[in-house]
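Right, I'll just put the structure down here and ask away after.
Each chain carries a letter (A, B, C and D) given by its place in the written order, and its residues are counted from 1.
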Amino acid sequence: MLRVGVNGYGTIGKRVADAIRAQPDMVVCGVAKRSPDYVAVGAAEESYPVYAVDGERTEEFRSIGIDLAGTVDELVDESDVMVDATPSGVGADNRSLYERHDTPALFQGGEDATVAEVSFNARVNYEEATGADYARVVSCNTTGLSRFVAPIEENYGIEKARATLIRRGGDPDQTGRGPINDAVPDPVSIPSHHGPDVQTIFPDLDIDTIGLKVPTTMMHVHAVNVTLEEAPDDVSEIRDRLRAEDRLVLIPEYAGIDGAGTLKDFALDAGRPRGDIWENCIWEESLTLEGSDLYCMQAIHQESDVVPENVDALRALSGHLSGPESRSLTNETLGIGL
Amino acid sequence: MLRVGVNGYGTIGKRVADAIRAQPDMVVCGVAKRSPDYVAVGAAEESYPVYAVDGERTEEFRSIGIDLAGTVDELVDESDVMVDATPSGVGADNRSLYERHDTPALFQGGEDATVAEVSFNARVNYEEATGADYARVVSCNTTGLSRFVAPIEENYGIEKARATLIRRGGDPDQTGRGPINDAVPDPVSIPSHHGPDVQTIFPDLDIDTIGLKVPTTMMHVHAVNVTLEEAPDDVSEIRDRLRAEDRLVLIPEYAGIDGAGTLKDFALDAGRPRGDIWENCIWEESLTLEGSDLYCMQAIHQESDVVPENVDALRALSGHLSGPESRSLTNETLGIGL
Amino acid sequence: MLRVGVNGYGTIGKRVADAIRAQPDMVVCGVAKRSPDYVAVGAAEESYPVYAVDGERTEEFRSIGIDLAGTVDELVDESDVMVDATPSGVGADNRSLYERHDTPALFQGGEDATVAEVSFNARVNYEEATGADYARVVSCNTTGLSRFVAPIEENYGIEKARATLIRRGGDPDQTGRGPINDAVPDPVSIPSHHGPDVQTIFPDLDIDTIGLKVPTTMMHVHAVNVTLEEAPDDVSEIRDRLRAEDRLVLIPEYAGIDGAGTLKDFALDAGRPRGDIWENCIWEESLTLEGSDLYCMQAIHQESDVVPENVDALRALSGHLSGPESRSLTNETLGIGL
Amino acid sequence: MLRVGVNGYGTIGKRVADAIRAQPDMVVCGVAKRSPDYVAVGAAEESYPVYAVDGERTEEFRSIGIDLAGTVDELVDESDVMVDATPSGVGADNRSLYERHDTPALFQGGEDATVAEVSFNARVNYEEATGADYARVVSCNTTGLSRFVAPIEENYGIEKARATLIRRGGDPDQTGRGPINDAVPDPVSIPSHHGPDVQTIFPDLDIDTIGLKVPTTMMHVHAVNVTLEEAPDDVSEIRDRLRAEDRLVLIPEYAGIDGAGTLKDFALDAGRPRGDIWENCIWEESLTLEGSDLYCMQAIHQESDVVPENVDALRALSGHLSGPESRSLTNETLGIGL
């Protein structure tokens, strides 16, 4: 039984904790929380032992009915492995904490690739992380691109990939983030950092990405183009291959799903926890082959697509299951596949 | 066992169906659906018998794996009572259908008050609907206002109520609705129709409302003012009374809940189905008494606050439980109270 | 000829500079700019002498073709009076700079009332600022409320005023500001700071305000209620009085103007510089009298309604014209009155 | 002197009328307006003779102070050429009206290409429209793409062009249009209709486009990729060529212009009528060459980029100036070139 501590219990941290709890071979040792707010209350109600990031706020936690299990230092000490889900940049600062306790750790995609010896995607390079001490689960966008690229690359070869990422401005709970009424090149320079990030997973892939942010909160949308080395005669062959992938979903035309609003409505109807959509959602109608150019649009749920990847990465670090075994266990326990 | 048919399986209809299913004294006889889309698939996956609104589309339904149980006419015939949750205006057209089969029916707030002999709010006038053949559950905004007004009116008397309704432009799945980047007086004239609608519940209440719509999809926000006839010495007394109400929730300051985004995040964390928030959410900090003027801001989840009201209205029509009995049974089965 | 320097050449500063230039009795001595960006280039193209806030960036300005006229210190020295239009809080820091040079100055509404001995609205208290060394032009929202309140207070007496301010989240150029998809109580507590700010203009007014921010950039919208001491028989009398006010505009129903988008479109069609709307825009249809309760909705162009007030305040400080004289000169030169 | 009538005086019509008025060789004969609203008042204030689309509304126009000059039939009769700027689809219906009076006419991009014998872009195919009776000025997006493609195609050859169009959901005055909080594939199928539309201008161009709409109102943003046949050694050569184009503007990095909000702010500062931006705005920093792949992002002001094209198309139809002569006259009179 792998004992996992979660440091940073926000959008990603709380989802990863719940996903770990659903596994037969792992247990949540505790979660480290900074502020005594509604999310902290939620952690306590889920019966996760809550550890303080800031020891001086113990009394504040107690005043809202939360008895702390200790400090983050103690959590790191008691855990076999840590998942760091703190805000971008904080993870890198935390690495010395994990080193001090000799506790392996996972970092998230907000950190630079240099934070860990390996950047991770379960579908592509599980083996590289096997037995590593530190790994970084790549960002929501990079995860989404990698999953799409993998079967295409394997079956047809990729001469060149290009993607325009229409990114949500902020998560639903981030009222301080914009833009309002603007589609902002972000970054203005091309290729955006997403391309090189995908190359941490596919070192030889020729890919250029363009990033913008828009006034939406629910999902990113990717407009993807891949020039194939050897295109099949018909797009239906590609469609079938994509459909066979475990973490890709094709949205059929009849469904009447036109955007993130209907996608989330669908996921909530289906009883998904928090309406999470762990899979890339590809509009089937958009999947098109023009000569050797393959196109599609896919929606990526930024809050949750990396969650199963974190679970798999934990198993890669601990080394007790192979990639395919871990993936299928994760899929089954979470209910992946719409 | 009350056999209930649901006609119109959209935002409201699917939620009401699930709420009925959770009751010990009711059963969903079937749901009538017009289009064979993702929502229809969802109905079938919930094992609700699906009836066609339009008999000519049977084949389309079959092609996506849905075997229809019949047509809407048959559903009305087999049901003890119908819940009509079709779009505004369609309900009124449907009344003759229900009359033809001598089946009592509930309508929703998108219909004019004249659609039924009584407009309904469980907290305020359950008894008036007892044994009626037709009743209308008032709209999300009117329900939200009525719940707030009720305890205030009873305990302090209301000289005058005024509310500014900052309404969401559309539901999350309605991509065709605006506004984008505008706060639009809607209607421009004052009082808006919401005031008279509240008076269908409180005939003697002096209330003026102002309506606007803004580019949001998650919840309405009400800025409410009530001039009391007899104000208490301290607002804390009022706060305690509101806290004691079953379908009002006070958001504490420490929670860090600043808007609909965090409220829904909270509801999703708490495992609420579809992240629904059946209760009015009042910001505790906003509850203020200035002389005899009481103020507050409350968020109203338009997609779900009328759901428990529909359940109670069904019992009122069938007459087998009293108002308090019904309300507490509904609250318990749904898990109302955050 | 009053020589005016403008410190802080952003949204407000550049508009005030242009308005000053349009006056026969004032001249823009220069503008102080911090960053060498498109706004700086614009200042140079308007032939305003540009002074550096930060002397070390001289070379950067030169590299984009702007020869600086000096530093802000020199500008303050050469000016008879300064308009400070720096961001909230910076103005207060700047006061010592103006004192050091013995130069009177105007501050903006982002500063606390304590920054100057008098808070100013041209319609209400021009005389109080006459001959003052420092005055603060109140904020866009407070200006908008004061203009509406003034004729009502004078003619009917106000028992109580209440306003809900549906505020734009950010100006059109502020892509970093939210919210996206949320209507956020801001502040959560009631009354919001706007009420007390209106009382710096009307010390005896009983007013409570509620503030929210929404995902719009163009204008604020106020939902206003005033309980009159002596209501007229008919709202038309009030309508006529409001129509007679120089900085209020009534939007007629036939115009088809439903929000800020059409209002700005109208102003741009009319050739207004920058599409500015210096006047409160009151929807005529919304103006309603229910007993002694007067209601209306008005849109306030946050970027420009304080501009004529700044011009008038400059004359009040210098003392060479009376309030009515200044107001009518400002109105005529800017083209106020739609 | 070419006598031009404008049928449909909305977003495009009013701008085209003003642009015609600024020409030395054309005059606005009159404008045909359907509703007596603020835009009609604006037309009258510009002293354009106003003709009624619907003769029965004469009295309504008179009641707001507009004396009609006649009906649209009379306008067509009196004009040498018509500009049809009615909503999509209405133009095609109007063609018979123009034929009946033997009056040549221009249509807009909302019509199908079949509405006229030639689709027009001033930079690319002015000559094709010379002397034609009917021509269609292509849409805002197609105009924007064509202008960018032209110099690239001429100098380097284009193997393949690909563009993702992040389209504004509605114009600022269209409060009824969405989406709110969603990035909606529109159309879902790839290539979107924009590609074939560009091919009405460049019949041999291999281009695929992807379209989405987002909750913004100010400008479209294009993420463009062009695979060159013969790439230069350095992107700076391309940059210089683009800079030399009359209707392309490069946004320099120092300007601090990050989106449509700042672009419009800049245009308004510069005194542009209605803040219009007739030119494609290309972020200079985004212009990148990766092997033979050229990339950039450009913002397109949907309300105005087709305006100079309409002016040029009028001259092409009447045949009295060559393309380069017309373009430079249009540029000079409007003040094109930022």
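Note that a contact is a pair of C-beta atoms (placed from the backbone, for glycine too) under 8 Å apart; a residue touches a chain by one contact, two chains touch by 3 or more.
Source: prediction; values computed, not measured.
Asks: Which chain pair shares more contacting C-beta pairs: B-D, or B-C?
Replies: Answer by contact count: B-C.
Asks: Measuring centre to centre, with centres taken as mean CA positions, what chain is farthest from subunit A?
Replies: Taking each chain's C-alpha mean as its centre, the farthest from subunit A is C.
Asks: So what's the Cα centroid distance for subunit A and subunit B, whole Å?
Replies: 36
Asks: When the centre of a chain is set as the mean of its C-alpha atoms, what distance in Å lies between subunit B and subunit C?
Replies: Distance between chain centres: 42 Å.
Asks: Could you put a whole-Å number on the gap between the CA centroids of subunit B and subunit D?
Replies: So the centroids are 46 Å from each other.
Asks: Using the touch definition from the top, which residues of subunit D touch two or more other chains?
Replies: Expected reply: 172, 174-175, 179-182, 184, 215-218, 258-259, 261.
Asks: For the complex, which residues does subunit D have touching subunit A?
Replies: Contacts found on subunit D: 160, 162, 164, 166, 168, 179, 181-185, 188-191, 208, 210, 212, 214-219, 221, 223, 225, 253, 258-261, 283, 285-286, 288, 290, 293, 295-297.
Asks: If you look only at subunit D, which of its residues touch subunit B in the complex?
Replies: Counting only subunit D, the residues touching subunit B are 169-170, 172, 174-182, 184, 215-217.
Asks: Once bound in the complex, which stretches of subunit D touch subunit C?
Replies: On the subunit D side, the touching residues are 14, 35-39, 41-42, 45, 60, 64, 171-175, 180-181, 217-218, 254-259, 261-262, 264-266, 268-271, 273-275.
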